[in-house]
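Here come two complexes built around chain A, the first alongside chain B, the second alongside chain C.
Right after this comes the complex of A and B.
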């Protein structure tokens, strides 16, 4: 086995990790700021994929069809997220975690049925534009050119979120509201509006992830359930609410998965769950999380 | 005297009326259950299957139903491609909807799970998509009839072709990739065992088992390429297969490594019409274009296209055949009683869209063929079809009866 193939494996792990990060970062952001565990996150991710299909279908044949569809799908889903927060999520801020989970799980069922009504049960397929149809070779290692795009977007979202939360005034307010909602409120900043914005942002990233996933295979009902488990593994390992943790955990899960497929294919998924279980036992708040938050 | 004649005449009129009424009013409806994966991994295949069942039932009902007097009432349930849900729905179909037959199923794990339920309640079970050999090989149920070439038959068809290719090209080793569930395991295991027998020089380098529902195959693709096998045999299911083929192509996988005999059904040919690599050697279960000379197939394709405005997939063909197999069983039995129909179908020869076929007595497996061909464009269709199609007949590919008896003797 030559070095270029090991590098190819590393890159495939990186692309998997970035895909996971895109899904899990929105989940982590929403939990970190709002203390809401959104079980419907993956279902909304799936809606993002369907939105992308619809926009792509309408713009078929145009040079930028797929790329515009990805952006439009994320924006459209952010609007949906905005409505969901105002109509539903806002009402369970102070409720028990179990009630939040029940509400968001009910959302999963509603979304699944809505998808059936709007898009039907048939699989949808997006054709990739020629620019990402063929492999690229990096240091002699083949890589699906579309996953180069995925990796770039993943890093872009990570840096963008870091910059937004650390360097902008709005980001400072969001971080302050994590520690003391009352204090932020006392300064005249409307907490509900902050939360709505954060929720919409988290769902925007979910939409982006779903839209980016869409041309990878076919879009089909049920995809979300397979994804949500790994997304939860990522946020558990990284620490619920920690974006840095989510980023690192995504990379860890992606690479562990990729290299275990190379050396121990039977144990690829098991290893991820073993890592998750170990983190839960040794450091229940995750690698970068904080033990207690009120 | 006049009064007597009048009374007798009245009685005759009433009796005649009663006889006429009882013969012209429709008899008991036939409740037909469908337990398919409307959602989940199997949705790609099952949508076509359900549409074909509806078409067949519509045709039969237009002639008064089974035996011309039992209108068929359809009860369609979604198994979500999950065995526990498939079992729950099967029980509900039997106990609440009083179905006499359950058509389906997807996946093989669902078929294996509902088989004992159907046996317990003496309800016919006709899998037309799921094809693990385990459905009919062991824990045999006399109520289960399989109208799809099973995983052993498909594996043998592939192996015969691959063994020939290996000899020609000097291949010495290979890798397998198969979906990690009942069908994938069963197909892979049969393929490997048969390759040992028909091409003993070939060495299995490694096995890959992506979970059912996998969306990203990049790590599998690079891992396989790193091993540099002479060829790869794949048994990846449904929408996973679409993702796998799409991503493997984007890696240039098929240009570097031969990939003979993987399942590329008409669904994949249609869905990936523009992107599927031409020249691939694929396997399918019931391609309509192989039997357009059979009037039943020609009619089916014409009617299916007229109703749904698309070509039927393998899955549609086989579910359609399942309904007509049941119809012919009922006609032969002269009854809708499931026990009588079950007995009538035993060893029966039936007309199908794929020609005249028969159920083998030992396992109720239909003698249907497997098909191997080269993915090629064809001016007659808006999607590629198979050229140089080789039809491996059921009796040439199914497991010998002695091995079935041996397997059953080891059952616990």
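Right after this comes the complex of A and C.
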């Protein structure tokens, strides 16, 4: 076990953490603003991956095919998210938590089967374009160059979201609606439109995450099941509704996973559940959440 | 005819059932009973106490493994194994419930899910003891229960006894304390009730009956797998309860009948069961929030049932 191997694991954990952040950030955003835990987030993420595959497949041979597919997939998924929000989510704004959870969980089942119907059961493989096919060498350790891309996108999304929420007018409105729906409404800003926008944005990021995930390994049915649990854990550890918390927790979970593979391979996921349980027991609002929100 | 005569009629009908339906449907009926028990135990937490547990299958699985392991490795008779199942599940529920009842709402749901997954992975990884992802095979019921009709009557006996016990619990002062905790936890605290302790007791009792249901499953399906503990499996009693209606004692059983029957029927000609049940649940959540019982209560005054709140609609509104 030498330094470069540890560094490689660290980078792998970082990349994994970034992937998790891309998924969890949308989830956290939606929960923070709309108070709805979107069980179907990972299922939609998976649809994003499949969208990316289909776009890539159609554009095979064209330059920048993969990169264009990623953007198109994210946009397409945001459109799907928009429709889902207007048709389904809107009806459970004021319902009990259990009904919201059940609705989104049922959505997972529906989406997973629809994926099966549309894309079939075989794994889908995307060929990597030459620019990310070979490993890159940092500090002597070979690193999957695609990981570098993922890490860059992860930081990009994090900074973009931060800038959007802190510096733009729309971000301010969204943050205001978290604190007081009624006041924002009273100021003449339609809350349903905000919610739809936030949901679509969250799903856009999920689509981006799915599309970016697509070239890593292969796209398989059922990938979303493991991911949604990890996303929940991340969001809980970081603090429901806190984007900074989600970012930190994603990296922590990613690194815990990467290093536990070295020392205790079977225990990687168990470790994450234990940490999640500990956070819920000791500090349910997570590392960065506000204690007020229960 | 009052409620009790209807119940009596249905009970007699279930006793006659094996003689009029084919063997396949007897298997379905046993499944309905086992999962009905599982769902009613879940409803003790959901309908009565007002908390959504997304990890209840963990105790179901613990019960299943307890009976399975005892039957495979020892010669303990099945009824005793079932007692062990209840105890094992109860102990697990005590350990994890201790932490879960300190939370409510979404945190409760996620923590129960996290613990459920923990139990799932423990069983999954502990290859030497539990067989890991191979599960346990060849759990054979004792000779007198090999015939499926006999196992059916055995299940009816156990499930009915369990339901009667749970009914008495739900109609006891304890049961009404649960409803009070659900309706207004703070006020219940103010009248001096140790809410956490009561919630824990309820959690353990619910876990024990889930364990009993799990114990019945092993010898029935002859093999069990760690999948019985995961969060997808935890969703099954939730679905059943929501379809049948959480605000009545028999709601989850009605839900089990519909769910299991639908499953047996739909999987007969298509693999897209998740799509089907997903659409059903979406429909129920949007248009039938009280489940079947809620619909009956609303539309048919003829069927009055004793529901769990004074005002069935009030139980479904969110307190703003």
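The rule we apply is simple: the second predicted complex is superposed on the first by the 292 of 294 C-alpha atoms of A that agree within 3 Å, B and C clash if a C-alpha of one lies under 4 Å from a C-alpha of the other, contacts with A are read in each partner's own complex, and residues count from 1 in each chain.
The criterion applied here is as follows: a contact is a pair of C-beta atoms (placed from the backbone, for glycine too) under 8 Å apart; a residue touches a chain by one contact, two chains touch by 3 or more.
All figures in this text were calculated on a predicted structure; none of them were measured in a lab.
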Once chain A of both complexes is superposed, is A:42 in touch with chain B (first), chain C (second), both, or neither? neither
Would you sort A:234 into first (chain B), second (chain C), both or neither based on which partner it touches? neither
Just checking: does A:91 make contact with chain B only, chain C only, both, or neither of them? Give me first, second, both or neither. second
So, does A:103 touch the first partner chain B, the second partner chain C, both, or neither? second
Is A:266 touching the first partner chain B, the second partner chain C, both, or neither of them? both
Is A:116 in contact with chain B, with chain C, with both, or with neither (first, second, both, neither)? both
If we overlay the two complexes on their shared chain A, which of chain B and chain C does A:73 touch? Say first, second, both or neither. neither
Based on the superposed arrangement, let me know which partner A:280 touches: chain B (first), chain C (second), both, or neither? second
Overlap the chain B and chain C contact sets on chain A and report the shared residues. 112, 116, 225, 266, 269
Contact set on chain A toward chain C in their complex: 37, 88, 91-92, 94-99, 101-103, 105-110, 112-114, 116-117, 225, 229, 232-233, 236, 240, 266-267, 269-270, 273-274, 276-277, 280-281, 284, 294
Where on chain B does chain A make contact in their complex? 38-41, 43-44, 47, 80-81, 206-209, 211, 213-216, 218-223, 225-227, 239-240, 242-244, 246-247, 250-252, 271-272, 274-275
Residues of chain C touching chain A in their complex? 46, 52, 54, 99, 102-107, 109-111, 113-115, 117-118, 121-122, 125, 231-232, 235, 238-239, 242, 272, 274-275, 277-282, 285-286, 289, 316, 318, 320
What residues of chain A sit close enough to touch chain B in their complex? 1, 5-6, 8-9, 11-13, 15-16, 19, 112, 116, 121-123, 125, 127-128, 132-135, 141-147, 213, 216-218, 220-223, 225-227, 257-258, 261-262, 265-266, 268-269
